[in-house]
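Look for subunit A in each of the two complexes below; its partner is subunit B in the first and subunit C in the second.
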Partner chain A sequence: MSHADVLSIFSGALTTLLLSIAGIALGLPLGLGLALARWAKVPLLNQVVAVYVSLLRATPLITLVLLIFFALPTAGISVGPVTAGLIALVLNTAAFNCEVWRAALLDLPKDQIEAAQSVGMGQALRFRRIVLPQVWRTALPGLINEMSQLVKLTPVLAVVGVVDITRAAVRIGAQTYEPLPPFLVALAIYIPIVYALVSVQRWVERRTTLREAAA
Partner chain B sequence: MMNDFATVWSERGLLLSGLGNTVLLSVLAGLAALVLGALLSTLLMSPRQLLSLPAKALVDLARCTPFLLFAYIVYYGLPSMGLQFDAWSAGLFALTAYHAAYMAEILRAAWAAQPRAPIEAGVAFGYSGLGLFRRIVLPPLALSSAPVLGNQLIQIIKDSAFLTIITLPELTHAVSSIQSRHFIPFAAFLTAVLLYWALCLVIEAGVAAVGRLAEARR
Partner chain C sequence: MPTTLPFSRRGVLAALLLPIALWATTAQAANLDEIKKRGYMTVVTEDDFRPFEFVKDGKPTGFNNEMVDALRKYAPFEIRQEILPWPGILAGVATGKYDIAITAVLMTKERTQSLDFTSPIADATHYYVKRKDDSSIKSIKDLNGKTVGVQTGSAFLSRLPELQAMLAKEGGKLGKVVEYSSYPEAYQDLALKRTDFVVNTVINLKALVAERPNVFELGQPVSGNSYPAWAVKKGNTDLLKFMNEFIAAQKANGVMPALQKKWFGEAFTLPVSYTPEQ
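Let's turn to the complex of A and B:
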């Protein structure tokens, strides 16, 4: 394995990181939107979201990626590997984020809302000033956990041709007939990324416990 | 569209064998990972750091590794070290080893949350070692951790789909070959998605049944 090979794995790491960040940036608000639809018990939408979440949480990402990558073109929508991969990531992570947000919303004491109503806050203001600041704190550990799951799932996108860390490593292994070294380099890139997220999650959880103990 | 699903139905033999492989693989890996995880969790809970620290490092390492990459390493990487597997054993080994770490962590957390009193009472009655674990620690542990273990089994089923990349003929592999034979991607992959969903609903129903059992025992 040459110097250039290691560099190509690192350029794959850039793709992995950008796709992960894009997936998180789109999946977080989408998950919140879905959770709000369920929380507010919007008729019909509530049931649709419940089925969506149950279905998507049961679907392996690889099956979802293959479905989107092969089926969208037959419907006349042409998608490249990166787009198909990103759509699959967002659809998947939004379902998990929805559950985290929803648990946090259900955890919010009802008197908070009633107090806000009694001082005449409108729906939008109530959400922005009362609901969101409390809910995101509760949801944060779960959301970070979901982020690390998402990073761990990105190698799946290599299957449809996204040149991320894993695909770069597979390619080098195929060229040199020595697959183990590039895989270990790939592993050495994934582990710190995921470990950083896991550490942040543990730190947030510890801080929350300490604050609750102090209060 | 209905024609496409009829084509999938005409390939039901392939589909069923894929589904059978997925179920068999997940159940075997789930059981083996549970046993390995239980052993590993006794190391994690050990008061001796010489045992608990390496076990903790191993569990953390597995939890930071993407499963797909791990499967690649087992199937394509290990043969260059002289360890040759066929796809089935490589897949089963990868699923088991990877999820044993998660099982160990689940059991450790459930174990740490158990009240101390019954265990101390067990020790006072002369239980120790494996007997203590099997008779006193394990039964409440299994009941209280059933929901998380069910989730982990769902995770195993979903991870088994990744093994299509090492040519293991499971469900996703079966629908991939149906789609490449007939060019019906939507019908083929949607069928797989619905079958995975059905499997998960079955597991969730099982977990709910165990939950009722645990409620009755209290």
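Let's turn to the complex of A and C:
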């Protein structure tokens, strides 16, 4: 394995990181939106979201990304490998995030909402001041769990030509006929990425606990 | 609170799936006129099929990638290339996402039902490769009952009956067949003794044995003649004609034989067209 080979795995790591961050940044609020539509029992949207979640949770990511990559062009929409990969990631993670958010929303005591209503808070203010601050803390462990899954789902996107950490390692193995060294380097890169996510969770949890103790 | 709305989950599901089903039936590849009009052709190549195509230091290289370079000089339109792992390649051509697969697609009877092939680009008879230290395999008849590794969806799967017949003549039979998503994994498993031999084209195996002579050893042919070629969607005849003219020109100007010598170790005399019987 040459110096350039290690560099190409790191450039794969950049792809993995960017796709994961974009997937999280889009999938997190989308999941919350879907969960709110179900929680508030918005007519029609409630059923559509329920079907969407069931459908997406039943679809393997690899099938979804192949469908998006090969089926969209026949409808006249041309998508590149990274775009197709990102769409598939977001659609997939939003469905799982939706259920995490929804569990947290269902867990929120009704009297909290009623108390907010009784002091005349509007819907938007209620959501910002009462619902979200409590809900996101309940949802956090589940969300971080889903995020670390998402990082490790990115190699699936290689099937449409996205070169992530794993694919970069596979390519080097195919060229040198020695697949083990590149895989070890790949593993050594995944570990800190997921560890960073977990550290963020711990930090946020510690900070909120300290704040509550101070209040 | 019970929902009393008329939208059942199943109804919504059906409404969502219908357009997807309609899409799938409308695929079409661009013909030569359309390619000329839009100004570019989309080419798909593989990333881990040394020596045909592989990636070295982050750059695509190998026989077919150098042929793509020659095509860039030859074609009056732009060549856009995408690099994909094998499982998506033929699907991409069949759905019309790519105009042509410039990779070593072995010509088989089955594949001619959905694809049209250009002139062959190499001679690729199938051989077996074994571990160098495995003394139990000396000739074809020793393959009796041994475990073989091949790439899934590879052309050799359809030619297994040939090896079966060779073994049956000696009173033996084919052992377990293990399929891998690509050949590097098959080689690795052979080195790890999970399989006893791997079958691939003589070109790929020569490259493997040259790179790791301490681990692998080339065996004998296990199939009759076999040729790899480039593939376009079935019925895209004017594009096929254009590509065959390109191949003929590269043979005539000496570029193709030189590249064959560089990547495969020898230049081949190849038929202009070939109809696979298997």
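Operating definition for what follows: the second predicted complex is superposed on the first by the 195 of 215 C-alpha atoms of A that agree within 3 Å, B and C clash if a C-alpha of one lies under 4 Å from a C-alpha of the other, contacts with A are read in each partner's own complex, and residues count from 1 in each chain.
Keep in mind that, in the parts below, a residue touches a chain if its C-beta (ideal position, glycine included) is under 8 Å from a C-beta of that chain, and two chains touch if they have at least 3 such contacts.
Just so it is clear, the structure is predicted and the values come from calculations on it, not from any experiment.
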Since both structures carry subunit A, what do subunit B and subunit C do when superposed there: clash or fit? clash
In the superposed arrangement, does A:Val170 touch subunit B (first), subunit C (second), both or neither? both
Of the two partner chains, subunit B (first) and subunit C (second), which one does A:Leu64 touch, if any: first, second, both, or neither? first
Look at A:Ser199 in the shared chain and tell me whether it touches subunit B only, subunit C only, both, or neither; answer first, second, both or neither. neither
Answer with first, second, both or neither: which of subunit B and subunit C does A:Ala50 touch in the superposed model? second
Quick check for you: in the superposed arrangement, does A:Ala4 touch first (subunit B), second (subunit C), both or neither? second
Examine A:Pro179 and indicate which partner it touches, taking first as subunit B and second as subunit C; both and neither are also allowed. both
Looking at A:Val159 after the superposition, I want to know if it touches subunit B, subunit C, both of them or none. Which is it: first, second, both, neither? both
Give one of first, second, both or neither to describe whether A:Ile191 is in contact with subunit B, with subunit C, with both, or with none. first
Once the structures are lined up on chain A, find the stretch of subunit C hitting subunit B; candidates are 60-68, 132-140 or 186-194. 186-194
Under the contact definition given at the top, report the residues of subunit A touching subunit B in one complex and subunit C in the other. 54-55, 66-67, 70-71, 74-75, 158-159, 170, 173, 178-180
Please name which positions on subunit A make contact with subunit B in the complex. 54-55, 57-64, 66-67, 70-71, 74-75, 151-156, 158-159, 166, 169-170, 173, 178-180, 183-184, 186-187, 190-191, 194-195, 198
Contact residues on subunit A for subunit C in the complex? 2, 4-5, 7-8, 11, 41, 43-44, 46-48, 50-52, 54-55, 66-67, 69-71, 73-75, 81, 158-161, 163, 167, 170-180
Considering the complex alone, what residue numbers of subunit C touch subunit A? 1, 3, 5, 7-9, 12-13, 16, 20, 23-24, 26-28, 47-50, 54-58, 82-85, 87-88, 91-92, 95-97, 182-185, 187-188, 208, 211-212
Name, in rising order, each residue of subunit B that touches subunit A in their complex. 60-61, 63-69, 72-73, 76-78, 80-81, 154, 157-162, 164-165, 172, 175-176, 179, 183, 185-186, 189-190, 192-193, 196-197, 199-201
